[in-house]
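Right after this note come the structures.
In the two complexes below, chain A is the common chain; its partner is chain B in one and chain C in the other.
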Partner chain A sequence: MRYLFALLLLLVPILGVWTFVEADRWQLWFPENVSSFGGEIDGLFNLIMYMVAFTFIVTEVALAWFVFKYSANRPGKGVFTHGSHKLEMIWTAIPAVALLFIAFSQMETWAKVKFESNFPKTGEYTKEKPIAELWASQFDWRVRYPGDDGVIGTVDDLERSYEFVVPVDTDVVFHLRSRDVIHSFFVPEFRLKQDALPGHTIPVWFRAEKEGIYDLVCAELCGWGHYKMSGRMTVVSKEEFAKRMAEIKAEWYSNGKEQG
Partner chain B sequence: MSLRLSLVATTGLALWVGACQLDKDQKPARPVVHYSLSAATTALGDDGEPVIPSSAQAGIEGSLEMLFGTPQDPQFQLLPEWKDDGFDPNWPQYAKGDSGSGEVDPAELLEDNKLYWRRQLAAIDAGLWDRVFVQDFTPDLRADWNDLCANTPVEARNDEFKKAARELFEGYYPKLSASAELYRQHCLHCHGPEGGGDGPTAPFLNPRPRDYRHGTFKFTAVGKSVPRREDLYRILDEGVTGTSMPSFRRFSRAQLEGLVDYVRLLSMRGMVERSLVATYKEEETLTSGDTLDAYAEVWEKWQKADSKVLTYNGEVPAPTAETIAKGRELFMDAKRGNCYSCHGPEGRGDGASAFALDPETGEVKPTYKDDWGNEILPRNLRLGIFRGGRRPIDIYRRIKYGIAGGPMPEAAASLSNDDIWHLVHYVGSLSERPQHAKAADHGDAHAPEKH
Partner chain C sequence: MSTHTTHAPHATPHLQPGEGEPGTVREHHDHHELGFLRKWIFSVDHKVIGLQFLFSGLVFLALGGLMAMAIRYQLAWPWRPMPGLAWMFPATGGAISPEFYTMLFTMHGTIMIFFVMIPLLTGAFGNFLIPLMIGAPDMAFPKLNMFGYWTMIPAFFFILLGFFVEGGHAAGGWTSYPPLSTIEAAAPGSLTGQTCWLMGLTWVGVSSMMGAVNYVTTIVKMRAPGLTMMRLPLSIWGLMITSLLQLFALPVLTAASIMQLLDRTMNTGFFTPTNLLVNNITPDSFAYGSQAAAAGGQPLLWQHLFWFYSHPAVYILVLPAMGFTSDILAVHARKPVFGYKPMVYSMSAIAGLGFIVWGHHMFTSGMNPALGMTFMVSTVMIALPSAIKVFNWLGTLWGGRIHLRTPMLFACAFVSMFIIGGLSGIWMAATPVDIYIHDTYIVVAHFHYVVFAGSLFAIFAAIYHWFPKMFGRLMNETMGKIHFVGSFIFTNMTFYMMHQLGVAGLMRRTADPYAYDVYQHLQPINEFITISAFCMFAWQIFFVVNFFHSMFWGKRVGRNPWNAASLEWDAPSPPGHGNFDKQLEVYRGAYEFSSPEVAEDFIPQTRKI
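Moving on, here comes the complex of A and B:
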């Protein structure tokens, strides 16, 4: 009987690890990373996952071993023990050190992605001169590109719903805003998530390194239609981007003959 | 004790499983659902009796079902004269010519569907058959997919099968019944089963969802008539900013065109219903001739709208400080623009004539109601939210042709096109942020925005 229970318990770490190993093959793992800082974030995720996995395996094997060794029908008599002060100190200190290690190891990446002082300063788009404003509202996304004057908030701004077109291999800064409640900008492929708060203008930056169409979703429950709130992040080459902007502008100044 | 317990438990479990199997076998067929009549049709008179007797109501309901089918099987009845022309509205029709969205290019449809089905196509290419999810999609595609799969076991699925599977997804086109299914999933909860704007989530919304049954849609390019296909398509594609109507561009072009078809069906059904009710109230009887006449008349309106579009023949002028100043003058001119009387001298939607004092309660209330009976306020032009679109041509159309279903009038004849463009630019400039405003000094136009 004790063999059976020990084996059953041993199955937990074995099957647990197996699902993680197989996940990638069944496309149950992360979507492909396409942003410049996504690799670091995946690295941090993996670091924490390996730490957790190590702890998980050690504790599960120990559990199975104890069930086997100290089963009720083992020969001999049990011994009363009050516990071990030294052991408790060790198992408090190790997680504390591990937590500190995690906290320090993520600082650089966090600062790189989120600190405004680390935003791109030299490229075409900066915090002061963003590529666009992205407005979240119940329940869609609207992008507001500057018009010919290059400034957002004037009469010649261009506006499109749903689709946010950005150039590839470029540091892109945009302003995230909300019209009504808290929303959250999330593009899984960019490993980028940022809440949009009503009344705030939040600068966000990323650098997409692969052309493609990625899902833009709202990651903060924003009302009954939250599930409907989807958008599209379209990353195109720089030439294609100029073409798309010209198209948006032509549609904006259409006299109604070509497009509805 | 424990033996008895386990016996009872086992017997119970066996009975439960058996009952489930039984239940599965005897599942009744999907019940037939009918469209309901509108509240206006079934309304009671002062004497507590229905204004239209229930026998006549049943007649109207039957006629409508004959013309438009049921929610599960919606279809337009064919008029005799269409047969000669080969016109069948049950298949998607597109406006011909260069106005509006034009004919759909098959290649474009293919690209669209590729985009929409991209996860499915990736799973097909990778041979991950259990990750091709079709249960969320329309019954037609589901049925075709099941047929395809039934003939080929998983082991025998080679490249040829992959190609057939791809073609199925790429070449798929929604029928009216499929579009009705999509409507039920994504539109019905606000717009209601008959398009009456009375779905279960409608009471939470301000403004209320559109009631299609009047055939009145506000944001069109045809003035105050029924809309074109392209007008409805644009609303689905762009959404209506400032309301709860989101953009549905995540659906493919083909699916959106299908939804337009279904919205047209619901809208026409509502119009025919209203027309029949009016005829009955006048003549106290209805004949099958009345029904067909009403149907043909409604169809004529929609077909006319499709060939009509109000455009501006010329290039859209760019805004300048000068045109904005001219627009301001017209905005405040009581004889010409007279915009301030409703929209207020600062464009805040607080003009004097939009509100009235209730002499009994002493409350200030909106003067106007829209065609659906909701109180309506003039747009606050300083927010930069324009439901029909913020493009110059959108605002031009709103000013020149008015807004159907509401108090926004057509522009006075004394306003020339140039005058209207001045107004468009002035209205657009009202929502400029103060630090960037064109009319003001340009000195700090490029200064960073304060957060």
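Moving on, here comes the complex of A and C:
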């Protein structure tokens, strides 16, 4: 019997590692990264993964091996020991150092993405002068671009639902707001997630480095229609962006008759 | 086996009339003399109260499990009618509606945490084991103990009532974040269901509080002579630390629940901000009451208060399981627990650090990111005591004489699964990584590995291990092994690939993830997971049959079928009222296995050499 049970326990690290190795081939891995900081986040994920995988393999194999080796069928008694101070010191100190290393290695990226003091200050868009306000509500996304005056919250604002158009290779800052309950802005390809909190205006920044159309996902349960609260993140070239803004403006002021 | 443990006592001075003699099946025996009501319903006996918690916990486990099956069905085949369930959902022909789906996962989480795991770990095993393992005749406050179960009755009532009220049960997630949960127009479950949910939870809290007071008092004051704190079995340490966690953390949850209840019923504004427009209604103009008219509240306040309890609650869900595992590993490996003191200290460290890590649930919530940095460091460091425990469990197995009986298999599986659950937690603790993986399936994988594959496996181990003490009979070993093998395989097939789903970015709590292009290719793997989950659920029939069959027809055993050294095995199986039929004097710790001092491979705690 112990062959069977040791094998079962041994299958955990074997299959466990195998599925992670193969995951990319099965398309069960990160979607393509297109943001400036996404690569760092993936790198930190991988750093932790390799450290974790090492511990995982060592402990799981040891467990299976002990179950196999130290069978009750062996003659005599078990080893009579209540522990080892030296071993305890070793397996306290080494993980402690490793964990502190993990914790400190994360800080720079976290600060870069989320600290408002690190937000873009020089570009076209800043915390004080965002590209748009993104409003979340049950169950849609609405983008409010500033009108000609460049200020959001005035009468000439341009509103548009579902699609958020931003320029490529530009530091984009927008204000995230919610009209009703908590939602969450999540674009998997940007590696960016931020809850929209009713009563608060939360500035968010990113820099998309590849043109394309990406899913804007609501990642916080927001009611029965949470599953269908999708939006679209459209990253276009700077020239295209100016064109799109003009279109949005024309559409906003249209009385619907021009197209005939 | 030492002589005095096999000695079958005929004089049972503590037994009251009709309380059953050792080795007999008490429910049959007592039925005539004490009456079913006095014996099983209005009992102050800690063992009976423990069994009450055990049975109600297992019933709710089945209910929560059924809900999980429905959730899995929807994720594999969204909107397809469930075969044979058209009578239950006439409006949809048996398909799960989106609002029903949100209710399902809300109540699955709520029931599994508050009505299954906490009652099983602390209610069932806390009650059953504490007096027996410390050599006490009963709890310090037997009547309070009885009330502890009685207050679960209104909790059961409210949590079941919610399914039948207008709009259905609470549907704001088990975390019940306002304003989704406080504004009636925000979700169908926020009409009345949420109120039932809050009432149910508050009653569970009251019950846990009474239990915790009792456990701590009993452990501190009623230990047998000679049983110092550092001779306590680790199960008792786990339960003691858990009780302290509950004593300190529960008042916060109870207060927060009542605040949310007031927001919902009395128009206070603790958690609901002003100027909302929900479902095209401004809350100030609600037809029914001017709900949240006062408003000006902070949704984040609820998150802080909720997680201030619910993160320690995560350790409430695992510390007793760690204790049981330590005991079971030592007994069946015939080895003293490796590093007893480090085990105690690491459990204490987990509990202490457990109070300063709650913010890791809120990294992306809009909380000040500088706080996130602090919470990351404390959260990463809590992996340290967990790692120490894993190494010590491995040390316990090393050089042992391992008997691979069912309880031991489940205990080993706990270690194996806890390693996975613990290690995946590091990703979540790392703030930048969490920006991406927060609220994805990797989180679902993580906590199911800790709570389902970890704690529930430890509960299975504990049931198989202490079943002889509860009923005087062994559970069937072959059936137990079949149960183990299937559960182990299907559990891993169910939960392991959720890690990869999470890395692919799949969100939790989504009724139809394939509405997004980015998730469409994940449907086949979800189908695989669902089929595995069905198999795993069905496989539990081996446990149910074994449990009930063995209760009545299992092989009878004496006091100490496992040759264990702790005190509960000195009592008759099952113990009568007052537990012990002799004076106890404790001379050593609970783990003197394979000692060279004696010929046998263990020394009971009560044996003087």
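Keep this in mind: the second predicted complex is superposed on the first by the 246 of 260 C-alpha atoms of A that agree within 3 Å, B and C clash if a C-alpha of one lies under 4 Å from a C-alpha of the other, contacts with A are read in each partner's own complex, and residues count from 1 in each chain.
Note that in this section a contact is a pair of C-beta atoms (placed from the backbone, for glycine too) under 8 Å apart; a residue touches a chain by one contact, two chains touch by 3 or more.
Only a predicted model underlies this, so the values are computations on that prediction, with no experimental measurement involved.
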First (chain B), second (chain C), both or neither touched by A:K228: both
Chain B versus chain C as contact partner of A:Q27, first or second or both or neither: both
Superposition-derived comparison: chain B or chain C, residues of chain A touched: C
Partner chain(s) touched by A:V217 [first = chain B, second = chain C, both, neither]: second
Partner chain(s) touched by A:D180 [first = chain B, second = chain C, both, neither]: second
Touched partner set for A:H200, first chain B, second chain C, both or neither: both
Partner chain in contact with A:K114 - chain B first, chain C second, else both or neither: second
Touching partner for A:Q138 - first (chain B), second (chain C), both, neither: both
Footprint overlap on chain A, where chain B in one structure and chain C in the other make contact: 26-27, 137-138, 179, 200, 224-225, 228, 230
Complex contacts: residues of chain A adjacent to chain C: 1-2, 4-5, 8-9, 12, 15-16, 19-20, 23, 26-31, 37, 40-41, 44-45, 48-49, 51-52, 55-56, 59-60, 62-63, 66-67, 70-72, 74, 77-84, 87-88, 91-92, 95-96, 99-100, 102-103, 106-107, 109-111, 113-116, 137-138, 179-182, 184, 186, 188-189, 191-195, 197-200, 202, 214-215, 217, 219-228, 230
Residues of chain A defined as touching chain B within the complex: 26-27, 127-128, 137-140, 142, 148-156, 159-163, 179, 200-201, 213, 224-225, 228-230, 232, 251-260
Complex contact set, residues of chain C against chain A: 97-99, 101-102, 171-173, 177, 179-180, 183, 186-188, 273-279, 298-300, 333-342, 364-366, 369-370, 372-373, 376-377, 380-381, 383-384, 387-388, 390-392, 394-395, 397-404, 409, 412-413, 415-416, 419-420, 423-424, 426-427, 429-433, 435-440, 481, 485, 488-489, 492, 496-497, 499-501, 503-505, 507, 509-513, 515-518, 521-522, 525, 591, 593-596, 601
Residues of chain B defined as touching chain A within the complex: 98-101, 115, 118, 126, 128, 131, 186, 201, 204, 221, 228, 230-231, 233-234, 237-239, 241-242, 244, 246-247, 249-250, 309-316, 318-319, 324, 385, 390-393, 397, 425, 428-429, 432-433, 435-438, 445-446, 448-449, 451
